[in-house]
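As structure tokens, the structure follows; a few thoughts come after it.
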Amino acid sequence: MKAAGFGVLLLALVTLPPLAEPYMLHVAIVVLMNVVYAEALYVIMRMGYLSFGHAGYIAVGAYTSALLATKLDVSVWLGFLAGGAVAALLAWLLGAITLKLRGIYFSLSVFAFAEVVNAVFRAFDFFGGPAGIAGVPRPMFFGTRLNTHLGFYYVVLAAAVFSLVFLYRLAATRFGFTLLALRTRDTEGLAESVGIDAARYKTLAFVASCFFCGLMGAIHGHYLRFVSPFVFTFFFSTDLVIFNMVGGLGSFWGPLAGSVLLTTLGEQLFAAGYYKSLVYAVVLLVVILALPGGLIQVPRLREVWAARRLRWARQPVATTER
Amino acid sequence: MTAILEIRGITKQFGGLSALAGVDFTVGEGELVGLVGPNGAGKSTLFNIIAGAFPPTAGAVLLKGRDITRLASHDRARHGIARTFQQVTLFGELTARDNVLQGLHRHVASRFLAGLVGTPGYRGEQRELVARAERVLDLLGIGEHRDELVSEQPLGIQKLLTVAVALATEPTVLLLDEPGAGLSHEESTRMMDLVATVIRRRCTIVLVEHNMRIVSRYCDRAIVLHFGQKIYDGEPAGLTADRRVVDAYLGVAELA
Amino acid sequence: MTGSRRFLVPFAVVALSVILGLPPSAHAQKPVKMGAIVPVSGPAAAFGLGVQRGMEFAAEDVGVFTVAGEKYKVEVVTYDTVYDPGKTVAAMNRAVYNDGVKYGVIIGAGVHPPILPIIRETGFLDLAFAAAGRQITNGENPTVFRIMASSDQLYQTHLQPIIERLNVKRVATLGPNDELGKNDAKVVKTQVEAMKAKGVQFVAEEYYERGAKDFGPALLRLIAHKPDFIETDGSPTGSIALIAKQARELGFTGYFLNSTAVLEAKAISDIAGKAGDNIIALRIWAKAPTQLYAQLADRHQKKYGEAAPGTMWEAYAATKWVVDVIQKTGTFDTKKVADALAQSTYPEHPFGPASWGGEKTYGAKRQIILPIPAAILKDGKWEPFDVRTGKFD
Amino acid sequence: MEVYLPLLAQGLAIGVLTGILYVLVALGLTLIYGILHIVNFAHGEIYMLGAMAVLYLHVVAGLALVPTLVVIVALALLLGLCIERGIFRVLRGQWLQLVVASVGVSLVIQSIGWIAFGIQEKSVPSYLPGIVDLFGIRLPRERLLAAGVAVVLVAALYWLVYRTRVGLAMRAIEEDEETARMLGVNANRVASLSVALGFVLAAVAGAFVAPIYSLNPGMGLEPILMSFLIIIVGGLGSITGTVLAGLLVGVLQSVGAILFGSEAAYGLVFVVMIAVLVVRPAGLLGRV
């Protein structure tokens, strides 16, 4: 039944777009990109790591590919992979240092890294400075440049399906199961004692997370045909966290639901100004308070509420996770 | 009897404080050794050093004659050392079966890519691991809890589960840190009976315990630590007759 | 079956979103949608609100008009860009592809690069409210008109006369650390260096993070070069006021120059007190240049209870001007309208007679030419300083 | 440019004065972290509300400064209690949810602030205008006042934590919650109180920083990010660490700007933070 559902969905995603308005395609592209970002972030969130700096890796991917295409005339397709690879490499280097840290220490060090990345892109003319890089080309496909929404939609779809299948398998298989053992400092010690190389697993997970952010970031840059330090900001990182929390961290489908819902909701609030951020924030708070496991728990509402009742009373005042 | 675990001159200093001062002993294959001592004697520190949680200031740990002092704790687990923690530590958000499955980590042969693709070999191995995890639970008589979240279990079951997770690694040497602590008399007895029967048939055991009665009843040999030094190594029966041991424990209720 | 039920949630969500996302039903009248593709939230919101309100006033004043025998009415639709390039692309997609908007005012030099391809592909007529220069109006973008003075134009027209009149010798710049700040610093530098013979020097440049409130370190470094004139580029009200205050605290006694259209004298003097004096603001009218200008200012004050943001008048004029040209050419085809617009002049601009120029500098006659004022802050009030309509080919 | 001594001295002075402002803002964050182990992202918005309260009560409504401060303290206490009861307590034990919920609270207050207070930049006239010239180093009086307030608050916090029964309870909870509870310390009350006091510190910081800078509903973001860096560098939960790190960051920014330019100084602060975390993961004075 699951497989059939997937088949129908995929078929719809492949066959319907030629009938869709360009605007719907734009929304679809943005939704697909956000879904991949959110799922990539989910890889580390399910091992208890919160990042307020994933936009930094998305930016690295976008800049890598944009620079390769505009300065060296490298094929855009290769640029996509290079974007992911460079982001992954940086994640590996930074991960070696910061993954030892847990909790808010990690969150804020990744945030600081993203700020440094942003400052570097702004400071050097080589990276286009604060003006960013305009004229980032779309890829060529059998002699045509994919300047239409439709053409580029299929690029994004292909990349998203590839990324999501990979990320899904990552979460669903032994590897993802092992990551669950690393959720807190205590369980990490236990995991080590049964032979799990925690540092290696955490690094791999972080690298994978950032690879897909970089890959999609590269595609993002070519979609906008522009990269700038002002696109991938702290708020971008925060949005990805919100997608995850609203959807729920309990399963792979949580971040997916969260990003689809909030992205399309955001599109509806295009003229709402500050009411838009208010709606986002209220949705976030209501979900966290009423459904700590996210929207994904809606089908199990009654159970969740029953379990939730006296939850805090048993907890110590200090919420330690370091 | 071949020595399986050798502790050679282990010294550990925290800042200026000396927690262990040149402790030596060996554990033979199949032995059940009790490590005894009053609070702060250095039992847990020694345990942590053997398991690789932190390095000693000086000295060496040998497993089957191989120096493992410099190995990280996950590497030691792969070489056959498993442990439980004094504070109950489990993967709280997972079921009992999944906890034991994590313990089976070192027996996973499939490569990352095989898992990603989901090859038949990988699936078969997963099924086999699940069955194996359930066998470990059954062995300790807690099979009926396999689908329940461990964080929701009573302490007695949780304690047994910590042993199950460690046992799942199929260790050569199992380090048990006060398995009976905090349990009722019946629970504690059930635990120790299991340790002395089904568990010790599978591995060599070092047991930290400060209840001497338990040590006398179940262990082959007792080692007593006092202020970081070994003051006794021999038959449990000789414990109460040893002057130094009695002095160390003087006034401590457990001896009674 | 919790597994499959959980699996259904995302699909329910998608379905719901699609239903919510259905385009609104068509109006009974024939509306011509004009987009205010501007920030109405975030740090640049004041600019956006000015444009939005100016366009709405224009729509009211234009009323019903006839093109090729059919009656039309301007409908202003606002798309919040938050001054973020990514969100501007989203806004543009919605406006152009979903709502069929073909005309509009778009704010921001920084948000233009990613939407220029969309403008070129669809022929959207962009009344750009963006500083900087050639990157935006050029031969490749025939449907992009800049409806405010460009940076080049502004400084070419005013900077040298101001420097001479105030007898300033050492010029420094302190701008936001973005494309605008850096670009404008370059323009200022060029202008100042051309005055070497008269003993004028460009002594230092510094930048700050947009939204920063403490300029102490940057100012310290700047003031060490002993400038007597600090150009502060497009720093908004809050920033220029704090810059003035903190510079005076460090002992700076010279002049400031600012080129933002949205500067409130009262807000500046509230924040900076006496320290705000001697800020010279380009594009600020201390005295209403025309009756229409004064009327619009009153109208805004009455309707919104606050002084009009400086962007209101130009957006008002541009909207009316375009409708005028549409009526005259008798078509909504943006390419044809653009060609006709470039050749037209507009005497009724609230700032004074307006026309288009910039052919030589930018390669396209798409830069508005109109009187540019300068005002100086004295005792918390703007006083007229200068008005110039520079030549700009 | 030659860097001569008076310039460096002035730079140092500016750095120290700015650093003290950072300390003022970060203090409440440290207090809340010490007890609840959460970083409260809504802290910057409480700071903003403190500044806005001064504007509307003191400047617009004409209430004298001292009663205004009393009202602000009362309101901050109330808000702190409500948020602790309504949100932090409900989510106890769920680290991720707590942090993100505080982000949500911050967004809610900020959005409502923009809608209610409008986008116009606002200001509060100086409580103490003028400049003190100390051997050629120029020190604005209002900053000296804010620095004075910061010093008083740090001292008061020390007194509270180390000299009172409440402080004893706080330290007991920090040290070993389980034992403290068994000894009869009401942990819930201590938690409520520290959140409320943290909010008071934020609001008072806002009230005294208000005349130095200009006001808008987004004014909390920059100081809050800076405060995070400071409490991380100083060691989460350590008051002394916060003071040290605040001064360090302030001086680093201003002297860094003089030596390398203000853009480089901005990046420098983040690089230093990562470096500190690598060498001392718990921060300068933190315990893990």
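By written order: A, B, C and D. Residues from 1 in each chain.
The rule is simple: contacts are C-beta pairs under 8 Å (C-beta built on N, C-alpha and C of every residue); 3 or more make two chains touch, one makes a residue touch a chain.
Fair warning: this is a prediction, and the values are worked out from it, not measured in the lab.
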Chains touching both subunit A and subunit B, listed by label: none
Selected interface, A-C versus C-D, where C-beta contact pairs are more numerous: A-C
Computed distance of Cα centres, subunit D from subunit B, in Å: 47
Euclidean distance of C-alpha centroids - subunit A vs subunit C, Å: 34
Length of the line joining the C-alpha centres of subunit B and subunit C, rounded to whole Å: 71
Residue list for subunit A, restricted to those that touch at least two other chains: 122, 273-274, 277
Subunit B residues counted as touching two or more neighbouring chains: none
Interface hub residues of subunit D, defined as touching at least two other chains: 114, 263, 266
Complex contacts: residues of subunit B adjacent to subunit A: 51-53, 72-75, 77-78, 82-83, 85, 87, 89-94, 98, 101-103, 105-106, 108, 110, 112, 115-118, 122, 126, 165-166, 168-169
Touch list for subunit A against partner subunit D, complex: 45, 48, 50, 97-98, 100-101, 103-105, 107-109, 111-113, 115-116, 119-120, 122-123, 234, 238, 241-242, 245, 249, 273-275, 277-278, 280-282, 284-285, 288-289, 292, 311-312, 314-322
Complex contact set, residues of subunit A against subunit B: 166, 169-170, 173-175, 177-178, 180-181, 183, 186-187, 189-198
Subunit A residues within the subunit C interface of the complex: 1-2, 5, 9, 21-24, 26-27, 30, 122, 129-132, 134-135, 147, 149, 224-226, 228, 230-231, 233, 236, 251, 253, 256-257, 260-261, 264-265, 267-268, 270-274, 276-277, 295-296, 298-300
Contacting residues of subunit D [partner subunit C, same complex]: 1, 7, 10-11, 14-15, 18, 114, 118-123, 125-126, 129, 131, 138, 140, 213-214, 216, 218-219, 221-222, 253-254, 256-258, 261-263, 265-266
